[in-house]
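In what follows, subunit A forms one complex with subunit B and a second complex with subunit C.
What follows is the complex of A and B.
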């Protein structure tokens, strides 16, 4: 397996992640999914590697943002596959990994 | 408790002195054998030694456990304080009918501090004598997540909270509060 692909949300996207949708405001989960998460995820899939998502360095994540980004990704792709490809890092708030994992595994029940 | 112990010890001492005095005066058919036998002195010394050591060991055990319990309960009190502050911020956002950028940051910070506090309690429980209670953290984390989802899900932070959302938040925060308090009670009862 090739070296993993990285994605640091605070450095590459925003240190103040916003609401759920683009209409609701800047730096939304929808925008993050379309511009960063989905392209990187597809790149990782095509290369057969992991996508390392760094959650540290932001002011915090609302459920609306995480659900719109990671939950929506798990509605486009199999949740089990998403969890195999994405590797999370969260030293500031370790429980965030468990939280995002829950949004991914329960994504299809929610919509 | 201490006063009772002192009263009991004093009564015991007075009865002993009384009996010795009665034996000295040969009252009620009592008498004193003043001959000292080494084996009996040794037995008495060993008995006293064992009693003192056992007492010392159990007192230390009880004191150590109490100190650990106090530390754990202090940590839970801190988390309960954060939960209260979080609830107040959410209520003020509901009252002002908006969630500004500053309020959004404060709310997210509250949730960040809440979960990190809960994880600290879990870590402390695991290294304490109350290690069996670390399973109690699972429902607390579930309650935390339900509360966070109620407060920062939906259209957060773009739309103000409505009555239904506030009701969900209230319910979730009450469950979290109750589960944290029941952990305090469980720690206090633990032995």
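What follows is the complex of A and C.
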């Protein structure tokens, strides 16, 4: 699979990602998932390509934003499949890739 | 024709004696008026209590005396206007300044708060640069602050734009241009989210708009940006959901809230929502400290003081009303 579909959070969504839910404030993970991540992921799935998510260029990310977006995606689709389709880029803060990967793999974990 | 009853000599004597008696009562009341009559009307007509601000006015370095002062301030403000004596303040930090602003603002228009300036010029500079005088009127205006800001929000919302602005104020002062700092931004957003989710407590979660303060101060001499996040809600320990055994341990004194805070930071205490993937806010700030992205992390919540980097978790002899997070980048 070649990386055909891209998604740059800073350029396409916001350079100031916010909280978990829309109710909590602007630019939430819930909003990002519904308006950008989910449609692009489905597009990548249907085309059989990768989705390249660029995490660089923002002011930063709260854990709740990342979990609400990528963790929730992994609760809708199989975590292993999500990890196969999405390719992350994070040169500003490389630890974010490890963090997001953890949210995806642990998304369905029960107490 | 008979005389009217109240015009007889007997009634005249009776009425005269009552008149004198009432006059005496009125005079007695008049002589005590300075002590007994309640002040009323405009707030400036109320009596004034003079409070001396601690010489080391800092929650992070002198928590007990500073919390005690803030509580004293609040209790005096129930009945009196306040005059703050800052003349002997020789050390001051922005966390205490933010708390003082929060305490003053909580009074609304019910009281007047006056005060003098510290004699120490460094303290005056920190007061000014922190943005204190944007919340408190000053007779002689000082130059506008360029190194800091105290932002007050009365909402339950997370404000990403405000977080960005605070980060940029600090970087502008430190580096001469606004720069991104993902660490500080994350800590601010996590703190705001915590306030949204916990500060009002479980019972009032959807009823109360919480007031919170986020502040930044660029300490140019040390090359550090100092952030304080203060919410005046119920505090961490009244809003978390503990397991039964932990409640028992706390009740019988085997563990205390300082131990519980350590566990919260380590991610060992589950979210009050019950979802395993929630409740990562404070642990993520702690991870930033462990990674070295944050230089100092101090948390004061209810009666717990934690200098997390130094491993100093302890109970205070006095309870802080709310939660305060302080960190430096």
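Rule of thumb we're sticking to: the second predicted complex is superposed on the first by the 106 of 111 C-alpha atoms of A that agree within 3 Å, B and C clash if a C-alpha of one lies under 4 Å from a C-alpha of the other, contacts with A are read in each partner's own complex, and residues count from 1 in each chain.
Criterion: a residue touches a chain if its C-beta (ideal position, glycine included) is under 8 Å from a C-beta of that chain, and two chains touch if they have at least 3 such contacts.
These numbers come from a predicted model, not from an experiment.
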{"item": "Clash-or-fit label for the pair subunit B, subunit C on subunit A", "value": "clash"}
{"item": "Touched partner set for A:27, first subunit B, second subunit C, both or neither", "value": "second"}
{"item": "Which of subunit B and subunit C A:102 touches, first, second, both or neither", "value": "first"}
{"item": "Superposed model, subunit A: greater residue contact from subunit B or subunit C", "value": "C"}
{"item": "Contacts of A:60 with subunit B and subunit C, given as first, second, both or neither", "value": "both"}
{"item": "Which superposed partner A:19 touches (first subunit B, second subunit C, both, neither)", "value": "both"}
{"item": "First, second, both or neither for A:94, with subunit B first and subunit C second", "value": "first"}
{"item": "Partner chain in contact with A:71 - subunit B first, subunit C second, else both or neither", "value": "second"}
{"item": "Subunit C clash site on subunit B (candidates 7-15, 43-51 or 79-87)", "value": "79-87"}
{"item": "Overlap of subunit C and subunit B interfaces on subunit A (superposed complexes)", "value": "16, 18-20, 24-25, 59-64, 67, 92-93, 95"}
{"item": "Subunit C to subunit A touching residues, read off their complex", "value": "156-161, 163-164, 167, 180-186, 189-190, 192-193, 196-197, 270, 274, 276-278, 280-281, 284, 291"}
{"item": "Complex contacts: residues of subunit B adjacent to subunit A", "value": "101, 104-105, 108-109, 111-112, 115-116, 118-119, 141, 145, 148-149, 152-159"}
{"item": "Partner subunit B, residues of subunit A touching it in the complex", "value": "16, 18-20, 24-25, 59-64, 67, 92-96, 98-99, 102"}
{"item": "Residues on subunit A engaged by subunit C in the complex (per definition of touch)", "value": "14-20, 24-27, 58-65, 67, 71, 92-93, 95, 103, 106-107, 109-111"}
